[in-house]
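One chain, chain A, links the two complexes that follow: it is found with chain B in the first and with chain C in the second.
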Partner chain A sequence: MYLFLDLVVTISVMTLVALGLAIILGLMNVINLAHAGLMAVGVYGVIALQREGFGFWSAVALSTAFSAVLGAVMEWLVIRRLYGRTLDDTILATWGLSLILVQSVSLIFGRSTLALDVPVPGGVEVLGVPYSAYRLLLVVFTVVLVLAMGATMRFTRLGLKVRMVMSNEPLARGIGINTNRVRQVTFIVGAALSALAGALLGPTQGITPNYGSGLLAPAFLAVLMSGKTLPGVLIACAILGLTQAAVTVFLNPVIASVMVVVVAVVILRIKPEGLVWQKS
Partner chain B sequence: MAIRFELLKSAVGVAALCAAALCGAQASAQEAYKVGVVLPLSGVGSANADGANQGITAALDVINAGNLAGRKVEIVVADDASDPRTAGEVCNRLVLQDKVDAIISANPTPGRVACNQVAAKAGIPHLAAATSPGNICFPNMFTVGQVNNQLVVPLIDYLVKNGMKRVLFYGSDYAAPRAGYEIAKAETVKLGGEDLGGIFAPLGQADFSADLGKIAQAKPDVVLSSVQGADNVTFHRQFGEDPRLAGIKRADNFLTTGTAKMLGANGVGIYLATGYFASLDLPDNAAFKDALEKKFPGKANPDIWAVLGYNAMHLLAQSVKATDGSSAAVIKALTTASFDGPNGHVQIKDYYAAAPTYIAETTADGSARILEQSTIDPIVAKCQ
Partner chain C sequence: MAEELKSPVRRILLAAAGAALVLALIFAPDMAGEYRTLLLAQALIYAIAAISLDVVWGYTGIPDLGHAVWFGTGALAVALITGEVDASGMIMQTSTSPFAYIGAAAVGTIAAALLAAVVGWYACTRKASSFYIAIVGLALAFIAQPLYTQFPAITGGEQGLFGFKYDAISTRAWYYIILGVTAVVLAVSIVLVRSDFGTLMRAVRDNEKRARYIGFNVEHVKIAVYAFGAAISGLAGALFGSMFGVVSAPLFGFLFATEMLVWVALGGRSTIIGPFIGAIGLSLVGSELNASFPTQWAFLVGVLFVVVVVFIPDGLLPPLTAPLRRLLLGRGASLSAGSRTLQVDESGWALPTQGQPVIAARNVEFSYGALKVLRGVDLDILGGELLCIVGPNGAGKSTFIEVVTDASYSLKGEVTFATDRDGASHGRLEPDAATRAGIIRKFQIPQIFSSLTVAEHLLLAGLNGRWPSVWRRTHAVKINKPAADLFAATGLAGKENVRAPFLAHGLKQGLDIAMAVNGRPKVLLLDEPTAGLTTNERGVVGEVLREIAGLGITVVLIEHDLDFVERVADRVAVLHGGRVLETGSPAQIRASEAVKSAYIGQAGAATDKEPAGHA
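== the complex of A and B ==
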């Protein structure tokens, strides 16, 4: 039972981090290396707001909103000039943005490790097994976010427009959809999701300006494996999370970190289009 | 008449030359002693950089105010990003461009070794203001922090003798923790305890769920943790919040009281082995904390990293003052240097430091209750 709960939590954490990356790569074909920087903005926003007397949950909401505005500025200043450019250009530009965000956080907050109090301390019993209440809450948050994203894509006008732009952008533009506006909204949502992930994971982490870099690599691999679809992200996170947890328990964490990369490379070799792909 | 005028001109010329040479010599004697300071201002080691920076810069003010080096001391700070390749590059720049006379580093071991390759080639002294596995020795490098046996042996002694006989080791996957585990294993078995093995996690690991499940299954009396930098906060936070691990004690030889305080309830009751606690009742400690507060009002962070940086600067300054300041002379002086620092008496032996080790337990008010003190010699690799 312990292994099952550890597995669920590991997969959920990976999915929470990957969501923001996936939405931006899926629609905009932009590999957003500013993701770790946005996660840092999210968590340091919570720290700053808590120092001003805000509670944890309201600080998370406000920090996420601030990051959405920041995402809008980033999209307007930098990202929209990358549409149609090569992958190298987008990687370099977003990496540069990440450096700016991380160094800005360093200048304002310093480099010492900080910590957030856990908003829901203690444990609960799940099927007779005690487990951390907050980490189980993270699982709930992840499920809600995934369902919300799925429902938005499936049942809303915005979701319909996004799917049309992903399928055939010139045709979408031809029938009057403002594709630039769709991309802008997508980047804003992706930035907000990155910051939200950073904020929610904050109480479980030592927080430094490089916060998020340890979580980024497996999430990045999962997004590459996903075929740019939400079900693909879930399946990829499940495979990599299972690898991480099982190899840690039966071997050790160092081999587990290597096996995650090996599994991702093998899967991409076999299915370079990803685990689930869009039919044209 | 003409000959006497010529003689007079020559005499004036010679006198001028002599004056210039004398002034030059005096200027050389008064030239500032330049120290390159290599800190992990970014990357996994950055958690310790602020403390080291505070200790070094506070010491600089004290040294210059009291002329403790016999001349002015200047520092040039460089960031190695906790990366060995970057450490080599910044040290190259410090030696070749900034022309420093010595280096003080407070970065992880791989970066320190990379930097010393540059320092050794230039023949300049290099002080490491950090702990070390003790498995390296260079004739120009002096490690001011303690090595594994000085921290691990007294800690294991205390734990096993106080009934915590089933010991599991958990550390970051690099040299110092792995060497520490070997020492902990041997000492545990020697005292009649049970070694439950060592688990090592890659640097930068953010999710310890599966590792903690493994620890819960092993059912140790105590987990001896040696996790580096920010990962240590992550590990202790997740450990403290995991009800599966209730009743399992924790011990740590990297954790500081400042970090334990930040962890709140998750940081209480942890056994620490370290060379320094801010609550030590020593006159040199009071002076050290005053210097830090003066330099960084309201933001002073008197932790082990600040102490190591402070001690390193003072050891270097007194060696410069006792000699002509040349690299060879300073290195020779450092081999037998000693200093009464905030943590007690520090004596350089075999290129490492013999200094007190304190065993303590973290308390709810964010401080530590000192349980035992010992000073043991470092067991280290010998220089050829």
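== the complex of A and C ==
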């Protein structure tokens, strides 16, 4: 039973981390390696605000909002100059942004490992076994976020515009959609989601400035595997999460993280377009 | 004239700058202390890695995000061969023989090359996107580091291995050894990128598809370059290991790999010298700053990444040298690259028997998903004829040519080629193999290589898929008679050394057709070669095509301009609704009622009654 719950939590965490990357890649065709830096900003924002006396949840909200502003600045200074450039260029530039963010965090907070108190301590009994309440809350959070994102894409005006820009950008611009604005909003939302993921995962592990990097690789690969669709992200995270959980049980976590990458690379060779296709 | 007069001045200036750099490098150990000499040696080792990355990434366009992995492999090989590791991952004893180190460096180089060849072979496939190899490299760099720490008995685990350096010689001697190797690598790389093979590398970078359609197995080229780059990076790693006696997980890691990319990007991609200087400069500054302000330095590296990629994508070297070059050579000098001449080769080549079918298509059916494009095409293309395929838009003309010349499409029906003189036949081939077999295509929109000159295009096309020399640079490019005629007729003469993007549209079309012809085709398949040309240019192209057919080369044209068809064609095939509606002489086709109604739409109505997608 624990195994099952661990699996669900692993998949949720991966999805949570992948969401921010997914919308930025899906819509803007930018592989945002600054994701790792934004996650660090998100979690250290919470640490700083808690030191000022804020509660956990309000700190998470404020930290996410701060990252959204940061995302707007990054988009304005750098990202908008990368549209239409090759993927290796965007990888380098966003990795540079990530270094800047991570090093800024190190300059301010130092390199030692910090910890956040779990805001919802204790466990609850699920399916007959006691389990960490906060981890289960993370699952709920992920489900809510995914549903909200899906609903936004499908039912709102913004979602419609986003889908139009995704499927044919010049045409969308031609009928009067401000595609630059749509991209800007997308990047800001993506950056906020990255920071939110970073902040929410804070209480579950030791926090160092590099803390997003370990989670970046699987999330990045999951997004590439997703075929740029929300269900694709879920399927990819399920496959990689399953691999991670299974290998961790039988061997060890380090080998598991290696296996996740190997599985993703093999799947990407068999299905270069991703697991789920856009209906054209 | 201006170029001839002024280029010695430029050469002298460049030579002076080069000599100053060389002298500085030679006398550096006398001026710098022991510690600085070590740092300089390290910078040179990094420069070797940067040069190799430039060959792979800058010249061939393969984004090798795992270039550090090969470096680490070289260093680890030296540690394992020259040192004895105990169970806890400590080096207990090291070899004292210099030959052990030389052998270890060779093994490290070869191991890195083999590893990269396997990775390249796995990652470079026709189906996978050309970016897949970047993902694989990124993945390698991501997993190499954690994996490294998992095997302490071999790799020393978290701490890595240390204390296996070759210390029988002084730092000064080490410095000169490394300087020597750097000079050799630099020279080899410059010769390589200036050679005909270097031209092929740029062609693959600029337009992979076109490189394939002039007969090159693009995957093999990429794998070879990838493995070569890895070998040099492995050699750099082996030098690093031998001199400093350290290997640890970060040498394999993504951070180091990205640093290499920045050396190359900062110096200037595809310049060789730029990455060389970039690596030396950045690693010297880096080791000074890193010692006292590690965090601030990493921050600066991040800023540098962003600034270089976003604001100076060409790197520092081209903007620095361009004004100098403009000053010395005058404006527009950068448009011409080198001076190649064309040499007409009068010899012909073996052609299939005239009048016999060279391509026979039987009941060919093909669908794009649910859209059925070809509904049973029966067509014989005869040796030496000039066949025009006409038909309304959407009739399946281009699709027919596409799927018949590319075996990677799966279709129903049968296609046989009898292009050999002895009449031996074969089925469909992959595009590069088809070109090598003499079945050569030209696309509707001119496909050119953006960094190659006109002569370089013809040089590569003339090789028909054979690999060019990796050291020789051809100055007199061989061009066959019909290609030369086409060249002259379309007004390309005198533009041999102009880079192709600077040609007018009509000249690009002319160059594209000349490339196809220079590959010694037995069957030439041209998709609307006159699209976008003036009436005058059309006339010229038409005459040359007649001449080519007159030589016995089979020419297949897709055409919309029926007047043009009437003037040039021996035979016309009308494609409509995915079937051959009629074949015959231009006059017969013009008179045909069926064809008229097809264009107007009545015969179309008949075929449209069939349910679409009913396969």
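The definition used in the following text is that the second predicted complex is superposed on the first by the 276 of 280 C-alpha atoms of A that agree within 3 Å, B and C clash if a C-alpha of one lies under 4 Å from a C-alpha of the other, contacts with A are read in each partner's own complex, and residues count from 1 in each chain.
To be clear about the criterion, contacts are C-beta pairs under 8 Å (C-beta built on N, C-alpha and C of every residue); 3 or more make two chains touch, one makes a residue touch a chain.
Fair warning: this is a prediction, and the values are worked out from it, not measured in the lab.
Bringing the complexes onto one copy of chain A puts chain B in a clash with chain C. Once the two complexes are laid over each other on the shared chain, residue contacts for A:S98 go to chain C alone; chain B is not touched. When chain B and chain C are set side by side, the one touching more residues of chain A is B.
Touch criterion met: A:S257 reaches chain B and chain C at once. Legend: residue contacts after superposition of the two complexes on their common chain; A:P272 is shown touching chain C, with no touch to chain B.
Of the two partner chains placed around the shared chain by superposition, chain B is the only one that A:S112 touches, whereas chain C remains out of contact. With the complexes overlaid on chain A C-alpha atoms, the stretch of chain B that clashes with chain C is 112-120, out of 4-12, 22-30, 58-66 or 112-120. On chain A, the patch touched by chain B and the patch touched by chain C overlap at residues 102, 106, 111, 254, 257. Residue ranges on chain C touching chain A, taken from their complex, read 57, 63, 65, 122-123, 125, 127-129, 131-132, 134-136, 138-139, 142-143, 146-147, 149-150, 258, 261-262, 265, 295-296, 298-299, 301-306, 308-311, 313. On chain B, the positions that touch chain A within their shared complex are 41-44, 46-47, 49-50, 173, 199-202, 204-207, 209-214, 216-217, 229-234, 237-238, 241-244, 246, 259, 262-265, 301. Contact residues on chain A toward chain B in their complex (touch as defined above): 2-3, 6-7, 9-10, 13, 102, 106, 110-115, 117-118, 121-123, 129-132, 134-135, 201, 203-211, 213-215, 244-246, 248-249, 252-254, 256-257.
Touching chain C in their complex are the following residues of chain A: 78, 81-82, 85-89, 91-93, 95-104, 106-107, 111, 217, 220-221, 224, 254-255, 257-258, 261-262, 264-265, 268-269, 272.
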